[in-house]
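Next come two complexes, and both contain chain A; in the first it sits with chain B, in the second with chain C.
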Partner chain A sequence: MSRIALAVVTVVLLAAIPGYLSDYSLGLMIGLVTYVTLASAWALFSGHTRYVSLATVAFYGSGAYTVAVLNESLPYPLVLLCAGLIGFLLALIVGLSTLRLAGIYFVIFSFGLAELIRQLITWYEVNVTGTLGRYIFLDVTARGIYWQMLALAVFTIGLSAWIGRHRLGLALKVIGDDEMVAAHSGIDLSRTKLIAFTLSSTIITLAGAIASPRWTYVEPSLVFNPTVSFLTVIMALLGGANRLWGPLMGAVPLFLLFEWLSVSFPDTYPVILGLMFIAVVFLFPQGLLSSAEAFRNRLKGGTA
Partner chain B sequence: MTTLILGLVLGGTYALLALGLTIQYGIARIMNLAYGEITLAAAFVLVFLFQAAGISPLAAILLVGPLGYAIGWALYAVMMRPLVARSGGGSRLEVDSILATFGLLFVIQGLLLMVFGSNFTSIAYLDQGISVFGVTVALNRLLAFAVCVIAGGALTLAISRSRWGLVMRAVALTPSSAPLVGIDVNRVARQAFALGSALAAIGGTSVAMYQTFSATDGVVFTMKALVIVIMGGVGNVPGVLVAGFALGLVETFVATMIDPGLTLAATFAIFLGVLLWRPQGIFGRRA
Partner chain C sequence: MTRMTRRKAMTALACATAIGFSFASSAAVAAEPPIKIGYAVAKTGANATGAGITTIPNYQLWVKEVNQAGGLTMPDGKKRMIEVVEYDDRSSNEDLVRAIERLASQDKVDFILPPWGTGPNLAIAPLMDRFGYPQLAVTSVTDKAPEFAARWKRSYWMLGGGHDYAVGLANVLKAAKAAGTINNKIAMVSVADGFGIDLVKGARPAFKDAGFEVAYDKTYPLGTSDFAALMNEAKKSGADSFVAFSYPPDSFGMTKTAQSIGFNPKVFYVGVGGAFPIFPKVSDGKAEGVMSIGGVDASSPAIQDYFKRHTASAGAPPDSWASAITYASLQMLQQAVQRVGLDHAKLANEFSTSSFDTIIGPVKLKDNQLRDLWWVGQWQGNAFKGLDPAGKTGAVPAVIPKPTW
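Moving on to the complex of A and B:
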């Protein structure tokens, strides 16, 4: 009970914060909450099943681009709805064609997906509509974006918590441990994976749609930046992708660190990112939370 | 006819690239997502050697190939080996190698961007045309094709005929029982990974001879090589060669008949078809 109260108080505080922040800090907070959402949504599917999705930005970018295309012709809530729907359909296509096969096919498909969508949109815009690059003019303030993103983050973590306590979460964990066992205990493998993947991807698409007004000018090469996929994965891994709070614990410090790095070392930034990623894979294979727990247990064991 | 010949030339490069990738995945068990970056690095080195030092691309291949081998060897020893040891032969290696090489992808790409910049690069080398079956083909393409055929052919022969190839195939088939007949799996895996990197580098030199490329194209090369590997069946060398040429042909066809911007879409369409129809590869056997 006290945990829930703590969570509610934190969310209320976070929601009240924009009134006390400068524009720059608010921008920072939006980025931070965005990555908490992305990392948590990514872990919702990939964390337990260990099906590594490298397609975060394919969905994120699709969401942003949907808003760019529709923002002048439809009211904002409908635009969001369309973005979610597009993410859902896209995830369904990817999931139906790859998730009934071995994990490696899924990884490969997700690896090239962002580049594929980027090329397709570029081709379509150049050859059919003749406009490469679009503007987003919405009267959504930075605070509005922040609140929407915060709501999405809370929803994502809440959904993860709920799934973790129900049949779906258990099924996902078994699949991650051993698919053969999962199949023998009567779990419908493809269906379980598909549900988790579409949920995760739809949330990621919505995150892209909500964040998009920050850009004003949108172009395929801007919104389908592979760094987004990369950051999402490293954040979730660092905290611990199979823990409820893991992605959040990874996203907060890494986002601030990356923000500082990208300003201080703009040229070497990608190299530092890559090296840190490799370091995380080597040093914290189960995430920081698990390492911290193991360390605490060892201390206890040492003194007892 | 032009499409056919240009497609075959492109397919030669793809077949070579996919061959290296299938060796890395099939024998060393490393799914290398940074594969295309190694290809690009080799391409940039070739351009640099040609422009700054005036070294002919053909001579550069003799330099870049062994360099690729050395880098692959070092990467395996430093980066992959601890992951292999940690996984203890389980399925964890696949996830770990995917993640580690995904990180490596950004490191190499970052280095390339730092050193060579983000501009499109190409060189003008032997670009006079030669008539082949009535079609004018630039000499550099033919040369690149010859390089791929020689390197790929020699390797295919070595794997299917020599004792060394037998050892490689044994490890690919059952890494757990290879030690029983006195095979040092670790050494073979390291060799295989290094060899795959060398092929990636040679493929890169052939790309540099006739294509325009930029530092962020690595994903596309990796993706195409992966799709060819799956199309041909993992570990199936002749299958991969045929699939490589097939993709080259399809891509050239799409580029000339429909639009050059849709070549990756064509790759994905093939991939999707293979996944839905024969996931074990067009030339693979059903498990």
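Moving on to the complex of A and C:
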């Protein structure tokens, strides 16, 4: 009970801070909450099943692009609804056709997906509409974006917690441990994976839709930036992708670190980023939370 | 709790006094506080090439020159040095937006210089407007400039729109057709990206109005590296004029392909990259007669001097399209500060209404836009010279047909 109270107080505090922040700090918080959402949503599917997906930006970008296409013809809440729906349908199609792939094949496919969607949109815009580059003129303030993103983050973590305690979560864990065993114990593999993948992807699409009014101008090469996918994965892995708070624990320090690096070392940033990726994979293969737990257990073992 | 002894208190007091004095003395040495100028440009990612050629070298050159001369002159005649705050936007609009927020609300810079490219400039326009900073959006090619200038009152659009460049090219070709040097067929290829689409959309009706038949009209995806098929088909189309609305790597690739397959159209026009200083080297020393976007008045002493200074500072000459305009926008800023100081409203008013003396000649914006630009240029001798508008000071007549490779 006290845990829930703590969570509620934290969320209320987080919701109240924009009034005390400068524009830059608010921008920082938006980025931070966005990556917490992305990493948590990513882990919702990939954390348990261990299907490493590099498709994050495919959905994130689709969300942003949906807003760019519809923002002048529909009211904002409907635009968000459409974005969620498009993410849902897209995830359904992609999931149905690919979740039978396993291991490295799925990774490669998911990486290709972002490029595929980008090229499809480009082809459509060039040959059908004859415009590339769309404008988002919405009266959504930075605060509005922050609150929406915060709500989505809370929803995502809440959903993860709920799933973790229910049959779906257990089924996902079994699939992650051994698909063969899962199939033999009567788990409907495709259905379970599809549900988790669709939920995760829809949330990511919504995140893209919510963030997009900050960019004003949207074109495929800008919104389908593969770095987003890589950052999401590395954040979730750093914290521990199979734990509820893991993605958050990875996203917060890494996001702040990246921001600090890009401000302090603008010229060497990409090199440091690459080294960081390697370091995370080598030093914390199970994630920070697991490492911290192991360390604590060792300490206990030493004193006992 | 420990009680503070008298000795400790005295030491602390002495320290505080010393620190106070050192602050006071340093303030006395620096007569005027520096002017903080900030910018966030792409040092990495997709936009880094463009920013590295057109934007960053000019910012650096200008800041160096101003500081060597003792700083920016204020209306009261005092000089203030420039202190630069720079960030890498990693070619991501999200990072760019955050960097601008940081410059405005955290670093509280006096002026923000624009990023490179149309998309990035649009991404920051609402923010710049909200913070009240004037935005000299130099490297933005957009047909919607009038609309944007009306939407964001302190934004200035200085590189025209795709339509302008297409019409300029149509004018040059129309004159050549009237003189009987080229036939009425054009082979046109364009990159499937913002720039290519904008230009091709303007070019199709412009060529038609000028009495041309577009015998070959193809788009190719961004990142294409093999142009043999495209160029062979263009060669077979029977057109005397080859027009490519392309990006730098494509412009270079097409030039090399045309040379290797012996494609010698009478007019050979490539998009961005054609006016880069490296182009003569890329074309194996055979740039003569190649047309492209932009141009400079190569006979102007101010431009010649600017090319020399740029080469000395950056190690390479500037490109002959947006570089000189970028530098001119900085001169505008310098002169505006000297006239009205750093107040944003006054600066904005100055940019909108006054005229400035720059390396591209006197500049006066019309409805917050620079319209006195070169639309088409051509390599003649060792310089990329402006052809159109033909009435503009320094315009040279076009060399058609282009000498064979």
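Please note the rule applied: the second predicted complex is superposed on the first by the 300 of 304 C-alpha atoms of A that agree within 3 Å, B and C clash if a C-alpha of one lies under 4 Å from a C-alpha of the other, contacts with A are read in each partner's own complex, and residues count from 1 in each chain.
Here, a contact is a pair of C-beta atoms (placed from the backbone, for glycine too) under 8 Å apart; a residue touches a chain by one contact, two chains touch by 3 or more.
In this text, all values refer to a predicted model and were calculated from it rather than measured experimentally.
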item: Partner chain(s) touched by A:A292 [first = chain B, second = chain C, both, neither]; value: neither
item: Touched partner set for A:L78, first chain B, second chain C, both or neither; value: neither
item: First, second, both or neither for A:G133, with chain B first and chain C second; value: second
item: Touched partner set for A:W123, first chain B, second chain C, both or neither; value: both
item: First (chain B), second (chain C), both or neither touched by A:R214; value: second
item: Chain B versus chain C as contact partner of A:L101, first or second or both or neither; value: first
item: Contacts of A:L256 with chain B and chain C, given as first, second, both or neither; value: neither
item: A:L6 touches, of chain B and chain C: first, second, both or neither?; value: neither
item: Touching partner for A:D267 - first (chain B), second (chain C), both, neither; value: both
item: Shared chain A contacts, counted only where both chain B and chain C touch the same residue; value: 119, 122-123, 126-127, 267, 269-270
item: Contact set on chain C toward chain A in their complex; value: 43-46, 86-88, 90-95, 97-98, 101-102, 104-106, 118-119, 122-126, 131, 192-194, 197, 201, 219, 221-222
item: Residues on chain A engaged by chain B in the complex (per definition of touch); value: 50, 52, 54, 97-98, 101, 103-105, 107-109, 111-112, 115-116, 119-120, 122-123, 126-127, 226, 230, 233-234, 237, 267-278, 280-282, 285
item: Interfacial residue positions of chain A with respect to chain C in the complex; value: 22-28, 31, 119, 122-123, 125-127, 130-133, 135, 211, 214-217, 219, 221-222, 225, 227, 259, 262-263, 266-267, 269-270
item: Of chain B, residues touching chain A in the complex; value: 31, 33, 79, 82-83, 86, 94-96, 98-100, 102-111, 113-114, 219-220, 222-223, 226-227, 230, 259, 261-262, 264-265, 267-268, 271-272, 275-276, 279
